[in-house]
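The following blocks contain the structures, represented as structure tokens.
Both complexes shown next keep chain A, but they swap its partner, so chain B is in the first and chain C is in the second.
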Partner chain A sequence: MTYHFDFAALLPYWREFARGIWLTVQLSAVSTVLGFVLGTLCAIGRADGSRGVKWLVAIYVEAIRNTPLLVQVFIIYFGIATLGVHVSANMAAVIALVVNVGAYTCEIVRAGIESVHKSQIEAADCLGLSRFQTYWHVVLRPAIERVYPAITSQYVLLMLASSITSQISAEELTAVANRIQSDTFRAFETYIVTGVLYLLLSFVVRVCLWLFGLAVFVRRRKLGTAI
Partner chain B sequence: MPTFSLVHLEFLLVAAQWTIGLSIAAFVGGGLVGFVVALARISDLRLLRIAAMIYIQLVQGTPLLILLFVIYFGISLLGFNNLPALFAACAGLIVYSSGFLAEIWRGCIESVPKTQWQAAECLALTPWQRMVKVILPQAARIATAPTVGFLVQIVKNTSLASVVGFVELAQAGKLINNSIYEPFTVFMIVALIYFAICFPLSTWSRRLERKLNVGRR
Partner chain C sequence: MSAVVSLSNVHKQFGALKVLDGVSFDVGRGEVAAIIGQSGSGKSTVLRCINALETIQQGTIDVCGHALHDAGLNRRALHLDVGIVFQSYNLFPHLTVEQNIMLAPVSVKSVPKKEARELAREVLARVGMEAKAENYPEQLSGGQQQRVAIARSLAMSPKLMLFDEVTSALDPQLTGEVLRVMEDLARGGMTMILVTHEMAFARKVASKIIYMHQGKVWETGSGEMLDQPKTPELRNFVGGVSSDQASASV
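Let's look at the complex of A and B:
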């Protein structure tokens, strides 16, 4: 083997890498927040909606969970374009990621909602809480607290999955890496560096979500026990 | 301009067979590697445990896309320039699925009640006998549902093998779309074929879960 590794060849490109990381962070952050809202709403719809809503949510969840993200990205990016609406690659990437992670979040949160005991909801009814209050104070908080670890890993996976949007040339980290490797012909080094950057990113995401959990779930922080 | 026809559909169905073949290879290979890693992860040797943990963290902390690229270009660095794309695709997916299966199975092995391990020890079974005759049969019961569930992930993730130039279902869809430019029709049909493969698997997984009622034990 006569190959000489040359990681220094990548140094001039640090700005590009930084820009790629920044877009990956933005993509993941936006789709995490929107995906969580969408997923939670769907979970409520599935648990408590009318028959039609339940069906719609079920179809949405099954359709998304049983097809690859890559194909979803293609359908959204090219499909929307054929409808005559032009969206940028970044926009299409966000839409695809939100739609995708919303379905997974729905399943996770639904499991959490189902684990809330019926007597809790009856108690809330007795106290005269409105339906919104019941969901907000009695159902969702403990439900989400309980499934928070699963949600955390789902959003780490989401950050990693955002690499797939490089296939429609959203200029995030993987797309940047693809360009740099074709500039430098240092493919192996480029992807090793990119892999390490993703590792660091997934660590950062994990820590952020953990801190967020500490800040939000006061009960757990004070008592230190699982709900 | 040609439109979507039966010829295209046939091309997609042939490509779907490659998707299935790739999935099976990834599952079998990943299962074998993953099983060894899972055992290493709970081994008595500290070094083995740490090595397995690092492996799992590496695989789970990088996107499959990057994993595929690293393996694809790594193979050619090692001097194997003429290997077909299938090889890199298989290797990447095997590494990927072994990392996840190892963690799933470790959880299943560890969820066998401690008393079972102790009882096996009291009966003077060797560590090997304890594993094969007492722990694994019980762990396997717990493991079936999540393993079938992960199979769905494998099938879906074979779509990423297209980035190293392997023509499976997603890549076939891309090729057809490049020639006839009917993205909506083409990718909808591609998605439908994926759905037809994955939906029975996820339904099966859910049924297994309900039957074993693992969650409420």
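Let's look at the complex of A and C:
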């Protein structure tokens, strides 16, 4: 059996691919920033909050980590609609991704926070730093620095997982691919191209996070220790 | 005389374990007090109580006009008046020497960055570390790290400095350089309380020696107290520390 590849059939669709990539990039970037903030706040709550806060965060984290992302996306998309609030598919996708990645970030950052020795916090306290200042200057930075490789992997995964939001017709790369293959009947070629594009995107995300790490974790850069 | 630190009948327990059992002593302005005693006698706990790192069950502690036993204690104000240096330095590993020192003045006292940097250079010069301002803690020897830790405290101009076995982790040569810094401080009139195993240093620098045993102040006095101990426990302790059989006999 021979199959004749015809990638040329996809050429007329390059604009659509580009639009899909652009939305995937936007979805991922926004979810990365917001998910990181949410996850870090939750990690602080879980490591150092009151009992009630600890429980709430624990429930959230376990609920998210033990259900499929697709189901979460549907719950949020249809759930918000049921509440009578109109949000676009893209907005629902962002919310779902943020909620999802926030839970994973929480666990990663919490491990980092717990690796910061109690004596560091005591030293900051004795210098007169407030709890907030201590967290900001003494706990979070070394904590995040330590778990940064795990965070990087998680956010590459997030970018890839954003393809699931095609299911609520957020017009990101996978949704675009779905449409193109049904137009062209060139499913194999379409998804090969799409796969390669995701591969490139992953690479770009990694490089961006690596550069970000270099900029933020100055000590690592100066001492030449890998991030 | 106005005491900078005054403990009266302080009791402290960790669960069922009685660690401080009616501790009382005063330290006056400009005075250097050395706390000595066996491991587990409660020396570190006393220092931690003086800096409100531990709460006490009974008694009163007054430090630089702050009543620590009072529920309305302003810990931040207390920590502005009291500096503490730990055995394990506790420098912030992700910050340079200079940033370690600037952090508290900038964020607690809102000192402008430029002034804080000058301040950092100044205190680093006092401990002989100005050449290492740009280095990270992990690039320094233990003795150097400890001197930076002292400088970091000094930058907040405390009225009282606490030192908890700050040389125990150091070899003799590095110990010397840290002790010299502390001696300079003492000579400059800083009120200090130090927990130490360096008997010769305590004798030389401290005007008051507090020997603790089983959570109590067992004996207090000046350096001569070490030559003529009144209690068998102190005699034992002094004998044990000065002769090397000590470690073998424990």
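FYI, the second predicted complex is superposed on the first by the 223 of 227 C-alpha atoms of A that agree within 3 Å, B and C clash if a C-alpha of one lies under 4 Å from a C-alpha of the other, contacts with A are read in each partner's own complex, and residues count from 1 in each chain.
By definition in this document, a residue touches a chain if its C-beta (ideal position, glycine included) is under 8 Å from a C-beta of that chain, and two chains touch if they have at least 3 such contacts.
Keep in mind that this is a model prediction, so the values were computed, not measured.
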Legend entry - Touching partner for A:187 - first (chain B), second (chain C), both, neither: first
Inset, instruction - Could you look at A:120 and tell me whether it touches chain B, chain C, both or neither (first, second, both, neither)? - result: second
Inset, instruction - Using the touch definition from the top, say if A:12 reaches chain B (first), chain C (second), both or neither. - result: neither
Legend entry - Comparison of chain B and chain C by chain A residues contacted: B
Inset, instruction - Return first, second, both or neither, reflecting whether A:217 touches chain B, chain C, both chains, or no partner chain. - result: second
Inset, instruction - In the overlay, answer first, second, both or neither for which of chain B and chain C A:166 touches. - result: first
Inset, instruction - Could you pull out which residues of chain A sit against chain B in one structure and against chain C in the other? - result: none
Inset, instruction - Note which residues of chain C are touching chain A in the complex, please. - result: 51, 53, 75-76, 79-80, 82-84, 86, 88, 90-96, 103-104, 107-108, 136, 138-139, 152-153, 156
Inset, instruction - Quick one: which bits of chain A touch chain B in the complex? Just the residue numbers, please. - result: 1, 3, 62-63, 65-72, 74-75, 78-79, 81-82, 160-161, 163-164, 166-167, 174, 177, 187-188, 191-192, 194-195, 198-199, 202-203
Legend entry - In the complex with chain A, residue positions of chain B that touch it: 57-58, 60-67, 69-70, 73-74, 77-79, 152, 156-157, 159-160, 162-163, 170, 173-174, 177, 182-184, 187-188, 190-191, 194-195, 198-199, 202
Legend entry - Footprint of chain C on chain A - complex, ascending: 119-120, 122-130, 133, 137-138, 141-142, 145, 217, 219, 222-223
